[in-house]
Amino acid sequence: MIVVMNKRASAQNIAEVISRVEADGYQAHLSEGDERTIIGLVGESPTPLREDNYQSMLGVEKVMRVTVPYKLASREYHPQPTLVGLNGSKVGENKVLMIAGPCSVESREQIIEIACAMKEAGATALRGGAFKPRSSPYSFQGHGEEGLKWLAEARERSGLPIVTEVMDPGLVEMVCEYADVLQIGARNMQNFTLLHAVGESQHTVLLKRGLANTMEELLMSAEYIMSHGNQRVMLCERGIRTFEKYTRNTFDINAIPVLKARSHLPVIADPSHAVGYSEYVTSVALAAVAAGADGLIVEVHPDPAKALSDGRQTLNYDQFRDMVARVQKVAEAIGRSA
Amino acid sequence: MIVVMNKRASAQNIAEVISRVEADGYQAHLSEGDERTIIGLVGESPTPLREDNYQSMLGVEKVMRVTVPYKLASREYHPQPTLVGLNGSKVGENKVLMIAGPCSVESREQIIEIACAMKEAGATALRGGAFKPRSSPYSFQGHGEEGLKWLAEARERSGLPIVTEVMDPGLVEMVCEYADVLQIGARNMQNFTLLHAVGESQHTVLLKRGLANTMEELLMSAEYIMSHGNQRVMLCERGIRTFEKYTRNTFDINAIPVLKARSHLPVIADPSHAVGYSEYVTSVALAAVAAGADGLIVEVHPDPAKALSDGRQTLNYDQFRDMVARVQKVAEAIGRSA
Amino acid sequence: MIVVMNKRASAQNIAEVISRVEADGYQAHLSEGDERTIIGLVGESPTPLREDNYQSMLGVEKVMRVTVPYKLASREYHPQPTLVGLNGSKVGENKVLMIAGPCSVESREQIIEIACAMKEAGATALRGGAFKPRSSPYSFQGHGEEGLKWLAEARERSGLPIVTEVMDPGLVEMVCEYADVLQIGARNMQNFTLLHAVGESQHTVLLKRGLANTMEELLMSAEYIMSHGNQRVMLCERGIRTFEKYTRNTFDINAIPVLKARSHLPVIADPSHAVGYSEYVTSVALAAVAAGADGLIVEVHPDPAKALSDGRQTLNYDQFRDMVARVQKVAEAIGRSA
Amino acid sequence: MIVVMNKRASAQNIAEVISRVEADGYQAHLSEGDERTIIGLVGESPTPLREDNYQSMLGVEKVMRVTVPYKLASREYHPQPTLVGLNGSKVGENKVLMIAGPCSVESREQIIEIACAMKEAGATALRGGAFKPRSSPYSFQGHGEEGLKWLAEARERSGLPIVTEVMDPGLVEMVCEYADVLQIGARNMQNFTLLHAVGESQHTVLLKRGLANTMEELLMSAEYIMSHGNQRVMLCERGIRTFEKYTRNTFDINAIPVLKARSHLPVIADPSHAVGYSEYVTSVALAAVAAGADGLIVEVHPDPAKALSDGRQTLNYDQFRDMVARVQKVAEAIGRSA
């Protein structure tokens, strides 16, 4: 960390910063310029550095962090990629994971039928929401535990592992009984109570990036989960909020190579939420794979116009099969498979 | 709601939209232009309208909502202002509420001392966090229930009602035992599980706007709480995330008059988080009151440089007293008191 | 266009809107709901519709546009793709255009050497700035007309057509003498005086999207140019400003398929400015091509660490050659060539 | 400036950075931590430091600027406020400047009538656009030089100085003949060619902040003008683009005290464009004055519903008179006058 003193900082101000640095167990290196003094903190200490503490001291102009604040999630401290086991395969290896299914689990018959169709079309996992985060209290909120049971049955029948969202820390244990992967939705990326609970569960987690969160914040949320000893975390880029009105969100394609470089965790792309219109989903999916995504999660429904939620961004079966075929070609072009 | 068909929509597409409108219990009014047909939905029906459902139908170009999606929180349906009782006074009336206190409750002695000082300086409620949402798992997370007990003691001693954050739906009941007002933090504005829980508690709620959320989303979150019969909701503007780097967030001053016009709920301003630097807090507080805010919530600490969190944006006692004096003058200039 | 009256609109208010509609040469279709009246404007008229005019009338709640405000740039009115001729090839056809070169033209020798190297490495056009838009008046501003002369010489020697920025409407004529393609930079996307000037020039234009502009605004700026009879416009996505700090901008990959669907103009991708770090440029370039971009514009320099500007995002020759080879594979995977 | 080397930087990489520092005329101070080396640049040199140059060197992780990049506009180097003379008064002193008038100059009679009405209602300057930046080529573009002549006549008749926009660098000289203050619009804040031209004119400038620009970028644009020896610059906050849909833009109230602290230039607030709806303009105006703005610029028209542009955000005469009265009270409450 670097503390930059302002032009008017007194010798007393500087001495107090140095005292605090030493009290925190670090050494202070001074660079005295003509205009201002810069204090570098070096060394190791069990006390984590808190920028806040220094920022509020007299005479301090700004405090700049040098190292990343996430050690467990960082590739700098863990150069080898983490491979997350899922149903016998390893996410993060050569093969691109393909998670597909409806936005919401609508009925037992529906989810079983879709699961089998997805399996046949080339999917390697099934998605489907039993608990739905909806911005209106008057919208369909999901079938809850009954939906989870149907998902479990769909897994039995199709052989596909289940990815489903959990919203309530009090229900993490219950969702773990049915699901292979716990999804943390974008609106819950900084629901720290929930992150603690899924961390403690030691269950595999798909952590979605929040609508207006930076990659650093995403990695800090992964760090929350990992700080409980749970290394089974997959990051998910699902589009961020921007000023653009022709699409639901903006897929941050830069995030694919940058997250892969900054972290050892697998990175999954959600083109459905990121663009919001089914006719553009395949183009964004191809782009994500070309940029190095380890997997895709897409919304598929036999009749999107009748889906209980997110119909506008949902592929039908034919569109999904077409997407899989094209994804396979692009994956091969960059030396992977799908 | 208005459904705009695209240029290439067939008669069959139009007929299907009309069927769904009627199945939903509304009437369809057609405007047939030279280029496209527009279908207006009129009438009343118990079925809530779901834009999604129409947006995914064949031949539909876009769906536009005409009425607000929040009825309970809307001034259109409830023209009189809601006054929220707090410790004998009514928030939303002429007098500006003044909530002050430290970011975190740090110790029993500290919070009692601050409470008494705030009371004397003119505050009408005490803030202080016992559960802290921190973006890093390595930061101070608050003293938990013990902190709540200290807050309750501070209330005894100072006579100030308590405003404190709740993060875990499982702890709402417990926090209600100690707090007068439950604060929902910005990062939890769309934590729907938590909104349900505070709605059911029937306790007074201070609902903070999320970092990248619109006013409509804020009002939808208020609607979540109110849909459980809890009308005791205060809205809080605390700054939104923008590209600006010289401040922590950007205080949306427009939100003060706009929320007052759109909703009957009281509107509170948090200048501390909104600007992030103590030297600018008073200017933003004055602006909020001039624009019509019903209250302020500000961070105050006897020695901000030693605060366990948010020291950079925290006023000391002298600064707070100065702010109160200046707020009173501006409040009087617009015909209110503080 | 649709005019939604508010709940309290009087019969008089409605009558006045209808009068204005008719005065503008359109017909008014009324839908009278229980709560409010909606007025649809239909028909054709030489008077362009101005939302502003209606929005400010008494009793009007909101005005919603139904048709796109850009007719010349819109695919709806011009379904066939526009192919822009450049040096014998046609941009927008199967082959992906590859524009490469330094951020700034630094010297005569440098630009000639780079041009020949780019040609050999597979580039189909040369970029290089003679007039540089810099946020600081103290930064290098480019070599001006001398730089243009060196570019012309580089074209002679390499056979590559020249893409270079023009900033001053008064210099458009001069830049046209040297350049094959006039680049409008992101900060000038809404410099309407400049758009008029390049429109009148009838020269080929590469129009970059502004940092915080929507696709609709980009297409309106294209419309400005095209309204002077100049159809030779290529759109360029170069990244938008977001909250992300690990990258310089955020490449809006969604914009590739959406612009292709909404407009008939070719779409070029600039991964260099969009991500800002050379190590990520190739991943973003591959993504853009996979998503359907008609071309790439990338910054290349023999020794990026010594470049006079933008060195951090600039590829060296080896990196560029590697990118070209990988782009070719991805292009083939989607049925194109590069 | 501080250069942070990455963990894997070699001694050779460090030596090269030091060489460049010395070649640029500065001294390098090394702080060698356990994990990485930090190099501070100290001293004075005629060579301006270019972050770019260092950022692209091998082994460099990041480069952090310590001093502000704008010296002429900075209060750090110029502690006394700059007072800009205008028609006998001084902007930046105690009295709040009140600029009022229509968005566009519509006719000779209109602008003369408004000028006299504004004068009587308490305005101290007249605004009105003769050249209008419009996002559509089909919208009204202003009356051009004829409009300027009408403005000059309105000045004669009312005694109010004229504020009007200039968009074309080639027309700066002509606009200077008629206008007292040249307005640079938000979309031209980084039109560097135009900034050079108004800098050279030595005329008073009202520089509006761009829709998505930071305060630092605004101050850099002021620096462009001032680098030509023109100190007569007023900064203008007119709202930034955010995700909010209930308002046209978001007024950045924080910018008022922050710009006043960072720069010695006067700061003017434009509540009309910032909020976009006339019913909220006064609240935002009061807030701006309470926060310390040196002036207001508001759109006023005798019949906003008939205005040729921006009618929705325009006050009528009664609303303006009411605003002036309330602004005066708030100004007095903070020890100023209006």
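A, B, C and D are the chain letters, set down in written order, and residue numbers restart from 1 in every chain.
FYI, a contact is a pair of C-beta atoms (placed from the backbone, for glycine too) under 8 Å apart; a residue touches a chain by one contact, two chains touch by 3 or more.
Not measured: the values here are computed from a predicted model.
Counting hops only between chains that touch, subunit A reaches subunit D in a minimum of 1.
Ranking every chain by how far its Cα centroid lies from the centroid of subunit D, the top place goes to A.
Between A-B and B-C, more C-beta contact pairs join the chains of A-B. Chain centres here are Cα means. That of subunit B falls 31 Å from that of subunit D.
Between subunit A and subunit B the centroid-to-centroid distance comes to 26 Å (mean Cα coordinates, whole Å). For this pair, subunit B with subunit C, the centres built from the Cα atoms lie 39 Å apart.
Residue positions of subunit A touching 2 or more other chains, listed in rising order: 212, 241, 243.
Within the complex, the subunit D residues that touch subunit C are 48, 50, 52-53, 55-58, 69, 133-140, 167-170, 187-188, 190-193, 211-212, 217, 220-221, 223-224, 227, 241, 304-305, 307, 309-312, 314. Contacts from subunit B toward subunit C in the complex involve residues 2, 4, 7, 29, 31-36, 38, 40, 42-44, 61, 64, 66-67, 76, 241, 243. Residues of subunit A touching subunit C in their complex: 212-216, 239-240, 242-247, 250-258, 261-262, 274-275, 279-280, 283-284, 286-292, 326, 329-330, 332-334.
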